[in-house]
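Okay, so chain A shows up in both of these, paired with chain B first and chain C after.
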Partner chain A sequence: MKIKPNLKVNESGFLFDPTTGESYSLNDMGSIYFRMISEGRSPDEIRTLVINEYDVEASTFDKSFLDFESRLRNLRLIENE
Partner chain B sequence: MNSRTKITVAVSGLNNTDNPGPGIPVIRGLLESVSFEPRIIGLSYEQLEPGIYMPDHTDAVYTMPYPSVGMKAVIDRLTYINSKEKIDVLIPNFDSELLLMIKMQDQLAAMGIKTFLPTLEQFEERHKTNLPEYGKKYNVKVPASFPVSSAADIPAVMKELSYPVMIKGKFYDAYIARTQEEAIGYFYKISAKWGLPVVLQEFVSGTEVNVIALGDGHGTTVAAVPIRKQYITDKGKAWGGIAIGGTDMLELTHRIISATKWRGGMELELIRTENDDLYLIEINPRIPAWVYLAVGAGQNIPEALVKLAMEMPVEPYTEFSVGTMFVRYSYDLIANFKDFEDISTRGELIK
Partner chain C sequence: MEKKKFEYPVIKRFQPGMPGKSGIQPTLEPITEINNIPIARLQEEYGSPMFLITENTIRDTYQEALQAFKSRYPKVQFAWSYKTNYLDAVCRIFHDEGSWAEVVSGFEYNKARENGIPGKQIIFNGPDKSRDDLEMAVRDGAYIHLDHFDEMYTLIELTEELKMKAKVAIRVNMDTGIYPKWDRFGFNYENGEAWEALKKIAQQEFLELVGLHTHIGTYVMSTQAYAMAAKKLAELALRAEKNLGKKIKYIDMGGGFTSMNTLKGAYHSASDTNPGFNEYADAISFAIMSAGFQQNELPVLILETGRAMIDDSGYLLGSVLATKRLTDGRRATVLDFGVNILFTSFWYDHEVHPGCEVSDYAEETTLYGPLCMNIDVIRQNLSFPLLKKGDPVVVPRVGAYNMTQWMQFITYRPNVVLLDRDGNTHIIKRKEGLEDLKRAEIIPDFLKPKE
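After this line comes the complex of A and B, so read on.
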């Protein structure tokens, strides 16, 4: 999974796509996912890190991450691989 | 020492209403010019155009006869205004003025008034009614379009298109029709206001994006800023917009200006489809009302246009600040009644 280049996100989770002019607000968990994906981490890595660091149940993570990923895909914020 | 050249520029389009003309944002660009110290002459068509009353924008305002009255009346009025103001450059900002001004260019030049307008051929070939030929000639994706002069022709044309379809006036107005009944209704609504033909255009699904640009008449793009309108009013006007990267939009703009040798300001209206294809839906042959966004993003298009009109050297802009935004607002200006009196009775207001 690769985030579209040039996307800009600030500390409060405001995400701006300079190619389309669209902007989005990420919640706390979305900001964490977005940062980890941007760092090039795989979904498995992110799963392990989040479950260990944030005391999240695996099933909760799976649902939440899948939802986040599909939103990024629908909004075309992920590059086709 | 940085000395600015004194210059007198006449500008129309002072109707800074909820359907704004480009006059006031053009004036703002000129007032921020680093090269010119402009005296601004406003040209108005209605007594309540807000730009007449806005402080610090115009030095004088003169009423103009409507272009529909004919060339002689317009020339006579401009001759009078020029005798008082000695205009260096005229920037017409209304679509309805453009054809007349293009035809009057030589007479204006003989009066010492410079313009920087598209040629008659450039103006004509980009008409909505000619869009399919334009697309073929310049290898640009355009929606299928058919000019219609009678509502009775709509069913035949719709054999080539499918609903929903765009119904467009030759100058302004566009509606989406989902049925034949709606198409016929919009045909009459638009033709009553803007005349014939009315254009039936393939509906291209996607996001509307726009480019403001300035061509030097020799194929060089002097300025270009792509934007997305973030909020559009019920009159179809941008109320907020943002400068975007749009590399492919800029490439398309450079290609069109290079191929057509476009002269003057322009606005490209484009649709970006789901597949990232860009369809050209319209070329407005003048500076759009949101030009101040380009100025704010780093490209002073009004200043560059005046330099081109004055045959001064212009370095093409290559950069702009992505993410620059504009938001329009409304504001109740307390107007001076004496100004209203002067413009209504004498047709001129000297400040």
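After this line comes the complex of A and C, so read on.
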């Protein structure tokens, strides 16, 4: 999954998409997922990083990641796959 | 190294000033305890889902309603509308406060008798009273509210056979300026049918005309409609005294006051629009007191208030079974109770609160029940925080009609628990089991295994 170019979340979790004029708000974890996906990290890499650093079970992470990806898809924030 | 706290990742689109397509309400605060009892403890002890009824709310609401009317009208009597919630423990609290019983079937009538209510404190309404039911009511001296001429003729016949007097009133339907007109019940005022019925009763040796009854609808938001109804009944009462020589002892205004639940699709929330007991009491009392009765001969005012009396005392405690995303991107949360148990979700946009502390993030969400049917929707669209499997949810204001109209479908009906004034909990209806449901079933011999 590739996020559209030029999309950056700022420190307060605010995101603006200049191609559509829409803006978004993300919570801390949402911002972290978003940045890592933008940086082009693979799902496996993100999984390892998050599970090592946060108190979360693997199954909960997997669910949250799939859900987050489907949100990005619904909000049309990714490049056509 | 200690790991950091994980929270569920969220991304939300800003919709400046947009309440959402269907007027979405702000996210509701969590309810984590009821009268200082933690939700988690209740669910641990009684399972999920479960209904909780708080005794203090019943008594407080009753007193509030009584005071509203008593401070405006000298003679007031409430009769508890059994169909609204006929769990015996609930009925007994109302009776203990001084309420009579208002029943609409032989089943409800017998329940009232077993709750210790004598016939002279039972109001027997409804279009379906069997001959046996009527006989029981006549022998007990209950107030029989006639719904149609067929019933009147049955009762005339019966009382002549028994050589016993029956105390009767008629139910009157009328135009009060609201829609729908409930003209299928009782005798019509405007076309003269009600007057004909009164004349007929007045000629009967064994019928004693004692009252006039109406029930103009349910969840009636107009106090004006009550004023008009009261005025019409008062007019009939005065006419009966003048022209038939029959003194009407009571005017029964039925039920119908709104609760503070918001109707489905209503734009404003109920608490912003609905009248309270004081406003209904104002309208009704003024209409009767100014109708022309001698002040020392005012009829007793009877009220059969149902939902407004009990809704606030009931809570449904459930939990999340699953969360998913629908194909259009909306979040869906599946709960462990559906329209089978929360029947009133067909009428109301019930408030559904998280039952635990949650993050501030909320999303437009559809809340589904667990039934395998598409109509099993508790809320089509509300702003709801992200809950995970097993998290509790609380639906307040479910005391009216759910514990009578619930359906036994696919699964068992849950425990109903009373939280008393001292903070003790009591199961007042236990969760059904397989044996309860099988008890009434009979398997024909030819379907039984051969010896």
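In the analysis below, the second predicted complex is superposed on the first by the 81 of 81 C-alpha atoms of A that agree within 3 Å, B and C clash if a C-alpha of one lies under 4 Å from a C-alpha of the other, contacts with A are read in each partner's own complex, and residues count from 1 in each chain.
Simple rule for what comes next: a contact is a pair of C-beta atoms (placed from the backbone, for glycine too) under 8 Å apart; a residue touches a chain by one contact, two chains touch by 3 or more.
Every value quoted in this text rests on a predicted model; they were computed, and no experiment measured them.
Overlay on chain A: chain B and chain C fit together in the combined arrangement.
In the superposed model, chain B and chain C sit 80 degrees apart as seen from the Cα centre of chain A, a figure rounded to the nearest 10.
With both structures placed on the common chain, the touch criterion links A:Ser59 to neither chain B nor chain C. Contacts of A:Leu75 after superposition on the shared chain: chain C is touched, whereas chain B is not.
By the touch criterion stated above, A:Ser12 is placed in contact with neither chain B nor chain C. In the superposition on chain A, A:Thr20 makes contact with chain B only, while chain C stays out of contact range. Between chain B and chain C, more residues of chain A are touched by C.
In the overlay built on the shared chain, the residue A:Ile32 is in contact with chain C alone; chain B does not reach it.
Annotation: superposed on chain A, chain B and chain C show a minimal Cα-Cα gap of 7 Å.
Residue overlap on chain A between its contacts with chain B in one complex and with chain C in the other: 22.
Partner chain B is touched in their complex by these residues of chain A: 6, 8, 16, 18-22. Partner chain C is touched in their complex by these residues of chain A: 15, 22-30, 32-34, 50, 52-56, 60-61, 64-65, 67-68, 70-72, 74-75, 77. Interface residues of chain B, counted against chain A in their complex, comprise 207, 209, 227-228, 230, 241-246, 272, 322-323.
Those residues of chain C that touch chain A in the shared complex are 3-14, 325, 328-329, 359, 361, 388.
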